[in-house]
């Protein structure tokens, strides 16, 4: 049986999740809880330019509410520290100058304690404002801020994992012996390809309930017939690719991917050790589970694996069509594993009883799609500073779908579009195979 | 009146263009003719890693026929020099090791004269083989080789332009005083947006006649309604963007584009001088023609301009739908101008008589589309080494359509997909605006 | 009057400084005291590749005693943590592999608390061993370790100053309002050049008492006649150089220096602000004192200034000859100012009573010499791992002499040779002018 | 017997070498002769940032006479092309802006033919001026220009060797089968160390006859006793160092040297092939001669070899003292070998008859000294633009002495100071060992 998740990762309870205030309290509390296993030292360091210190995540997410809700919309709000706007703005060019991203790790001041006070200060004002009630258009910004916060919950875990992996002591973020999944994991059944006929489909968010601007508008697409594997690619399958000299055969790779393999000396997923028997996880070094989904591969690796396997990656439209009938459930942050698990752990995920194994469409690992991240037809960014949220990243990145074991469950949707550069590996990215059925 | 093109650029005549042999002779002769205005010194130097020396283009295109036609398919063929395979392979990993691209400019040997002898040697064997007749599947490789050669004709001109632009003497590739188009160019009429209804369209090549593998298979797409401008964006319009501080406003740019602008210090198209009154062309420095299409802009600049103009770039599907009824004609290499011209030069391009101005869909400048370069549904690369021709570049690049004033006319098709990285500017790339019509 | 230095910087007292044990206790305590104004967050971050985190300095200096004294020479010593040898070795290739220098800032574990425990563990064992007595050759290693520790005391302050200067909040290391020296500082008298005749001189350490291997052997040199300024170059004088376009005139610069100025965009000393009216110090931003010595200039700047002033930098031999009769005293770490001060602060430094102003030969700022750092004739490095201490750096660096306001007084000698690369500026480096007297 | 050198390298004869005009004619003719085996293509390409194209050398040396002699001092001189001053200035900041060094290889125009015409134009004016007679101070500039030209003769050969070595065809600069020295070379006798007593010596140029400004003033130095090997280190000896894992033992290396070895992957001298049996020379690939001096090693390698051998490199003062009684003769450019040869080729170099082998102090290879390149006491650069000739390079470089097989004999002096950065290897640099004799 899988371990009961340790306390810091338990969903803070008691909040009325059907109110914005309730959700605000729960989500904000979870962020702080994620930082609890870390020392102030752990929270200040930036291990690479793409990552941010945990302290920065804690402060930036509070800054978001101060900048976009409290200052413009709550009369009498007192800014906690005027310098924080400069320090903790992320990329909103229109909001003003900001501290350069690669230097976030130099901010030993303000201290972790001051940042937590900043959070309390913001929370206090926010909770009072939410209790009093806010106009709907401001409530919408709060909702956006909460989804923003959830994104940073995942980023915080990604960044902490990277930081700890750089330490020769190989320390664990959380130390759970009971999480040793090796012996109990079960080899999944061979993947089946589920077919879908050609035709016009509708994808994208219809605007009922929250979504990011990049998920809409809902629109029609014509798809040729296609088929999707009914589970993720496993570590065992990926090992076959490695052993078949997958990293040494240029014909399997995109040109840019091959150049990256050469320059970086890649020969295995990020966090695997040289013996290919162990990987680094948020619980420290652990035995590589052959049945678990492969994780921390780049787009280039996912694409090369698919080519080697005689298949391809799904388009994001195909993925979304397949996901539409499925419940948004799976191995998410709230389950406390913080690591992908095999498709047959039915006892842990009873909602899938009746099936022989989980499809793993949601949770476990983000699934690379073959789709460059582009605007949908008719896409309009939000007005003002928040318009920089998504649209300006629509070049050179690829879409991933479905969420991962470090994604909050309540953050996920079937229309959700995540995106990373094709060489990036520190996000929890894995592989689902697709095929065309037409010949 | 526009000048009669100088001799080197006249289409070599006398060949029977309806035979493969005839086309072979004509195209091969044109390549050599393009190098004639250049000294051996001009032909050996590589001005940047993305460019190649003219000599390399001359040799590589001969190598293609030796490697893929003569050696495997023509009995008794004697390889000209076994070392050339290493020197002049471009990127075919499966064909063997090769000279690193950024070092192409170090090859002072073999000499220009030897490379021309290599071409003669290959031409001699090819012409005899073509006269005797080749099996259809080999003929198809020859056809591919000719289209490959035409691509390198354009690359040769792009690379020569870049090389000469780096020289403080600002020398001309061809010196034609009569080409001064300034006084006679006419301001185009205001751009009209031509609307297309939503619906299912077919795009892609149907396989009748030659095409590259990436142009097919022909397939259905669903498009929302859209509209396309009936001419290209002009230098005058782009100047307005510059004067409106277009290069200084981050909100107009993609995030990666803004970073590039900052790093590179871009504030105008490539080849424009600081005064914004002159540009460098293949005929040397010339006055900037406000009526001519803007050229040598990156994808980032095209995208930012479109946003500033309240429009967007067309998707490649939209472009192709609009191009389908049009004749593949315009200001091409064979016209000898080697520079884009305004939309109203009716006397030069009489095929458009009856219209008030040319649509410029074909020729003049390649048109950036908003479409990342991806495989069509059901795409299959060619088998063997030639399979590396297109597919492996399908990441991180954007599609351009329509050909330019340095593209051979007979090389162009409505389904033709060119592609460059979004930061690249030395190709002849320009802008056509699009809009959605749905609101 | 200058302020009483704040407590952390008071020399820990009560130790019998005439015993090795007494010196050990005092020096080790001072290192810990220097870290006291810092949070654990301040101590973990590395602000640039040349710098190290304060925690690393704390641990590395303890590792030195464990590695070179306790483990090989003290029976029964239990290594605190075997992994620390890898983490905290600096550059001793012969001692084993080590954590890469630019990644020192990733070591959030071991924690600051654990490192302080490591120090206590080592101190406990060392003090017991020293109390029991150690053979002379081991005592010599302890002596070396203490001088090593003092070097890291200065490095710690240099590195902390750099780290804090990177923070937009501009925090102070120690906050002493009473240190405002501006109003009380006095303009020094014009510099006089003190002449020395040509002849044979002896320089280098004679081996009586401690010295580093690079200070010997004592040897004869022939010097042409020369003259040395009787005080340091001031901020006011350096401002004249700046205002005379010193940073814009290539003829004043060494070729490599000019290239550095261009690449780095230098136009003033490190830590000066753009207005040239303020500098960053260990007590935070402060008004630039025109009477204080210029500090944080590179060799290139010192050399260009000297050329502009019609003088040159002294050779290290010249400097040492001039220093031989002088007492090793001045504005040192123990004085607690942590900042250079003008030459006329007689009340603070009464030992120079009788002179009109201090020569500043010792303390305040390290003085760049024109001497590349090379071995003396007959130089022999120490045997074993400690032989890597000095000799292997004898290329591409320049010698600085005399110590600075962050150097412990008891660490300094007239024969002491410090060395940095000519582009480096974060050490407390300043300028004394020299001239030849021969014409 | 060694081959008669091929014609291009024969010293042009018929000139009266005792007149400035005669020397001018001879030296200028030799430069052109050195370019004769090269095609225009060979002459235009720059193979690395440190090298220059041969055409650039041809033009720059002519520019020197135009800039510093003809334009200021010869009435009625007509500048050949005003743009050439910009193109062919090397580093004289005071003379005006100039074409960036790394872009010298982009100058396909002016053509090789035009550059040769430029040389003729300058020569014509110079010869007429010299025949008429020039004031002594102008004659001194001409003399400097001729020594400058001789430096570029050597640079031209160094740069050509590098360029040809980058070509996979491995072409020869001159093709002389008769030069195969392998079978006839003789193993030198074991090196003897010649001792010199401690004392005051005089070094530096006394000003009688031509010298560069950096060779003076002549001055006294005190040297400890020392000893110098009576021949150069051979390839065979260097091979022993390699086989003893010299490139894998950090304790043998300076810290910067070790970093360079790691970064560059060095494991043998430049131009040696992987088998350690062959090297690339100006006559193409040739068998490594174990008896010949090792060549094309960096300072770091020379220093590491010396440490491995239990010796050290000589100081430049020591070298000069030892060289003072010796004739300035040896294997120089005029001998036409263009490659270092063993110490016992007495028949070729009869001036050393009576000795068992040559000391190789002059010619063959430049000898790395342990001396950083610094000004002598009392050094004064030339006034005006020519003052940039030497002084501004006095940082970060090391002195080499004695000239090489590509140095013109008439260019060499015992006081001559050459200098390169310690990582550079494309100059013909080798090793002579030294020892202290004091213990």
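Residue numbering begins at 1 within each chain, and the chains themselves are lettered A, B, C and D in the order written.
Rule of thumb we're sticking to: a contact is a pair of C-beta atoms (placed from the backbone, for glycine too) under 8 Å apart; a residue touches a chain by one contact, two chains touch by 3 or more.
As the structure is a computational prediction, the values presented were derived from the model and not from experiment.
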| item | value |
| --- | --- |
| Touching both subunit A and subunit C (chains) | none |
| Most remote chain, CA-based centroid, reference being subunit B | C |
| Between subunit B and subunit C, centroid-to-centroid distance (C-alpha), Å | 60 |
| Inter-centroid spacing, subunit D versus subunit C (mean Cα positions, whole Å) | 40 |
| Euclidean distance of C-alpha centroids - subunit B vs subunit D, Å | 47 |
| Arrangement of touching chains [line / ring / star / complete / other] | ring |
| In contact (per the touch rule at the top): chain pairs | A-B, A-C, B-D, C-D |
| Subunit D-touching residues of subunit B, taken from the complex the two chains share | 39-45, 47, 83, 86-87, 99, 103, 105-112, 163, 166-169, 171 |
| Residues of subunit A touching subunit B in the complex | 91, 93-94, 200, 219-224, 226, 250-251, 253-258, 299-300, 303, 370-372, 374-375, 377-378, 387-388, 392-396, 398, 422, 436, 438 |
